[in-house]
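Here chain A shows up in two complexes: once beside chain B, once beside chain C.
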Partner chain A sequence: MTSNWITTRAWLLMLPLLIVMIAIIGWPLIDTVRLSFTDAKLVGTQGSFVGLDNYVKILSGSNFQRSLITTFWFAILSVSAEMVIGVLAALLLNQRFYGRSALRALMILPWALPTVVNATLWRLIYNPEYGALNALLVQIGMLDSYRSWLGEPGTALASLILADCWKNFPLVALIALAALQAVPRDITAASMVDGAGVWSRFRFVTLPYLAGPLMVALVLRTIEAFKVFDIIWVMTRGGPANSTRTLSILVYQEAFSFQRAGSGASLALIVTLLVTVLAVAYAALIRKTAGAS
Partner chain B sequence: MERQSLPFTIFIHIAALVLAIVILAPVVWLFVMSISSTPDLVAKPLHWWPDTVDLSRYGVLLSSVANSAGEAFVASLFNSLKVAGMATVAALAVAIPSAWAVSRTPSVGWSLYAVIATYMLPPVALAVPLYMTLAWFGLLNNIFGLALVYLTILAPFTTWLLKSGFDSIPREIESAAVMDGARLDQILRLITLPLAAPVMATAALFAFLLAWDEFFYALLFTSDQRAKTLTVAIADLAGGRVSDYGLIATAGVLAALPPLLIGLFMQRALISGLTSGGVKG
Partner chain C sequence: MSALELIDIRKRYGSVETLKGIDLSLADGEFLVLLGSSGCGKSTLLNIIAGLAEATDGDVRIGDRSVTGVHPKDRDIAMVFQSYALYPNMSVARNIGFGLEMRKVAEAERIAAVEKTAKILQIENLLARKPSELSGGQRQRVAIGRALVRDPQIFLFDEPLSNLDAKLRMEMRTELKRLHQMLGTTIVYVTHDQIEAMTLATRIAVMRDGQIEQLAAPDEIYNRPATRYVASFVGSPPMNMLDCTFADGLAHIDGTLSNIALPAHLHEVAAAAHHITVGIRPESLTLADASNTKFGIDAKIEVVELTGPELVVTATIGKQRLTVSLPPRSQVSVGTTQRFAIDVSALHVFDRATDKRI
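Entry: the complex of A and B
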């Protein structure tokens, strides 16, 4: 068989996937770009060309800037907490203790729980009148009276981050645990004989094995956190007083609640661009980490 | 293996207990809420365990009486099953040949990066044109339309997962069959696909879970019992005027049950999929 034929055959086998991807991803993406230069409405008018008007309005408006900051806070805080707690949990799960395999099995629970169910569950836990968190904190004396965790701008975002963290740190832990199990035992033993302390053992023996997989987990989690929609929509819908309105929620409101398809599309493309920049920066970082270790 | 000091062993056990409580408490509480009577749930101080176990809400939600809360819930349950099932089958149908082609043909490998890149796209980037197109074809609030849209998520993901699965099957086995004069369809059907059965099953499970979990597109593109999925039905309950928190919790338990069971019983397959997907990137 000639290599020409093999390449042609590969493209033929990929044809169904390519057709589907062009029809439901490629074309809509191009159409979003077209719409972003118009004042089209979601239903009814096709809209007319308005140039960069949408972009100018969005980038100079306070709504976008505020949502951008909220999104950054959400992403940075939830992902860093998930990484730290996830690695600590993985180090723990790599020790010997009774019930270890049962606990490892339990780690899959938060990951498997559907995001919307998780959001609903935490919404019930945070309930201002009957919620379990209020009841618990008052009963152990850490809180004087019931609070509206999701109803106050000061605590809403932090409460969301906690709920997101609970669902996602176990995945980081499982990835880190798999990497830890690849660390050869004789290396750890040898470093102990050489008198390495706990920290330097972690830093110089264990961490190099963790770096690659953790980097990938970091990238995927950051991109997911940047796109966050479900958990916020179910728990606060972006409120109170827009204090949890991340970029995806803002796009939803613009394009679907207010039916402004044109400016909704420009906003969506700005978000896409930000995610792309993140992904590219991370890809470079991963390559560097892979090259170093 | 080194011996551990007693204080360290105690510390590890306490930490493990804390981790177990952190993981279990919210899930157990969801279940307790679903079997507690309303007076128990609104009591102050809160009753952490119900005086009498109340299973009536499961009956309410799983009943098919016309115009009841149960009818809407059961309809959304079946919509979720159908949409996730159809999207999974369609995703595998397009992903299997492409993943094999990419795995065996290095010269087209770059196309895989294009596929992965689309997986990073935020759904909002496609939502407006998809909405307009579905409306044009009359596929809004339609399970076929929603399943088609889910391919935007499932097809790239399964292709990526299957490609690394095919990579681990030695090409030499296929070359040997070629020498013996086997045609491509015979090689795939008799040799490669049977060997790839475990990874295909994992990919199917992941795809099904992704579709079962999906909320954003379902919220946008469905509006009533004809197509509303479970996630949207639950969000409606949570955000609506339902004052029975136990009923919301029960809906949550029922929606979480299939993925939790899959998660617990298919643990090994899922974790190897998660970590290999994570490691290979």
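Entry: the complex of A and C
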């Protein structure tokens, strides 16, 4: 068999998949790019070519800027909280204690739940009339009267972040726990004999083992957080007063609520570009971390 | 003053007792080897001395101070691990100095100490490297350096050479001996390798099933093993153990017509035991020459192996096996029956009921 035939056969075998991928990813992507240079509406008009008009309008508009800031806050706060809580949970679950296996299994539960279910649960918890959070805070005396956590611009985003953390810290914890189990016992013992206290041991001995895997978790979670849609859509639909309107919500509103397919497409492409930049930057960072250890 | 004292150390995991009352006392500058096969409790004992495991019962005293319940870092010990346990993200210099760093030793003093240690171990040129850039032998030196730099009361070694290849292991063994002679440190060293034990130790504790079978100098362990287990564990090839029945000053080898004349001073106890095991080191047997064929035992030669410095002959006597170490040019042929002479002064006799030396 010639190497030529091997190459040809490889392409032939991949052909069905390539056709499917071009049909469901390639074509829509190209069409979205085309759409983004038109003023097409969702129904009715095909739209006409408007050049960079859509992009200029979006980038100079206050809606986009505000959504960008909201998205950044959401991503930074939820991801950093998830990392810290996840690592702490992993450290705890790496100790020997009775019921550890059960607790490890239990921890996965929030992450295993569909986002819509999680969002609905938290909407109940935050409910201004009969929500558990209100009841708890009032009963322990931290709050005088029930509040509408999702109904006030000042607390809505923070409430969403808490719900998102609850759902996603288990992923970080799982990754960290797996990494912790790769720390050789001799190394931990050696650091104890060397006189390292709990903090030094974590900082100098354990953390280097966690760095690589945590970086992967960080990348995954940041990109996901940047694209966040479903949890917000179920809980607040971007409100109140657009205080939780992240970029993906904005894209949805633009394209489907206001039926402006053209500018919706350009907005979607801008978000895609931002996420791509993040992904590339992180990939470089991961390579650097992997090279260092 | 004793550097280390173990008083009735016991360790239980559930209903299994892995250490059954260990007592020993170590003088300053001694090199104690804990020798035994895997599962005998030697590593557990070392971890208890280090404070990495807690004894169920008993007391550990280091430098006349009880350290039971004291954290490893406050025990004035340093430990070298089988896996080296170097911190992969730190340079060699930082690895060695980490213990001092954690003890808040001033930087200038720390650097000086690291450099001095590196010089002793001849690894000055490696200080800037990461452990992943080192060979096995170099890693081992760094691990030893990390212990050395702290100048502790006791050094603990957990099978430190078992990850090295044979040639390197020999080199490091000599190196360790040199370090011990030069620095006069007190060392507790765990191994299952009897050659390491024989060459390094000032005293060997042969362990079995959570107990010390014999605690003595290497020479005594080899030449006067207290039990059948010690006798067969130490020495390579291992000691021949011939089951015999004693009568009329002779040990009659079971299942044969051959017998061995025992020295007179053993007769009384051997007679009391009746069923005995006679231990003969392979090197205590020689080919019986033609003029002296009357004394000795006849064995059928089955396998002949030339190891280089010696010719190892495996033979059978009755249903029992006999190994003999001969000079390399000895004339023996497989399948023939050969008479071997015994150096009677080097016989070891054990009571078969108790496995203890007579």
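The rule we apply is simple: the second predicted complex is superposed on the first by the 290 of 293 C-alpha atoms of A that agree within 3 Å, B and C clash if a C-alpha of one lies under 4 Å from a C-alpha of the other, contacts with A are read in each partner's own complex, and residues count from 1 in each chain.
In this text, a residue touches a chain if its C-beta (ideal position, glycine included) is under 8 Å from a C-beta of that chain, and two chains touch if they have at least 3 such contacts.
Just so it is clear, the model here is predicted, and its values are computed rather than measured.
Asks: Determine, under the contact definition given at the top, whether A:192 touches first (chain B), second (chain C), both, or neither.
Replies: In the superposed model, A:192 contacts both chain B and chain C.
Asks: Between chain B (first) and chain C (second), which, if any, makes contact with A:208: first, second, both or neither?
Replies: second
Asks: Under the stated touch criterion, name the partner, chain B or chain C, that contacts more residues in chain A.
Replies: B
Asks: Quick check on the superposed pair: does A:184 touch chain B, chain C, both, or neither? Answer first, second, both or neither.
Replies: After superposition on chain A, A:184 lies in contact with chain C alone.
Asks: Which partner does A:144 contact after superposing on A: first (chain B), second (chain C), both, neither?
Replies: Touch partners of A:144: none, neither chain B nor chain C.
Asks: After superposition on the shared chain, which partner residues are touched by A:6: those of chain B (first), chain C (second), both, or neither?
Replies: So A:6 only meets chain B here.
Asks: Taking the superposition as given, does A:92 touch the first partner, chain B, the second, chain C, both, or neither?
Replies: first
Asks: Let me check the overlay on chain A: which residues of chain A are in contact with chain B and also with chain C?
Replies: Common to the two interfaces on chain A: residues 189, 192.
Asks: Residues of chain A touching chain C in their complex?
Replies: 184, 186-187, 189-197, 200, 204-205, 208, 292-293
Asks: Mind pulling up the chain B residues that touch chain A in the complex?
Replies: Residue positions touching the partner: 1-2, 4, 9, 12-13, 15-16, 19-20, 22-24, 26-27, 29-30, 33, 41-42, 44-46, 93-95, 97-98, 100-102, 104-105, 107-108, 111, 115, 117-118, 120-133, 135, 148-149, 151-152, 155-156, 159, 184, 209, 212-213, 215-216, 219-220, 230-231, 234-235, 237-239, 245, 248-249, 251-252, 255-256, 259-260, 262-264, 267, 270-271, 274-275, 278-279, 281.
Asks: Quick check: in the complex, which residue numbers of chain A touch chain B?
Replies: 3, 6-7, 9-11, 13-14, 16-18, 20-21, 24-25, 27-29, 31-32, 35, 42-43, 89, 92, 95-100, 103, 105-117, 119-125, 127, 129-130, 132, 135, 138-139, 166, 170-171, 174-175, 178-179, 185, 189, 192, 212-213, 216-217, 220, 223, 226-227, 229-230, 233-234, 237, 248, 251-252, 255-256, 261, 264-265, 267-269, 271-272, 275-276, 279, 286
Asks: Okay, in this complex, where on chain C does chain A touch?
Replies: Against chain A, the touching part of chain C is residues 50, 52, 71-73, 77-79, 81-90, 98-99, 102-103, 146.
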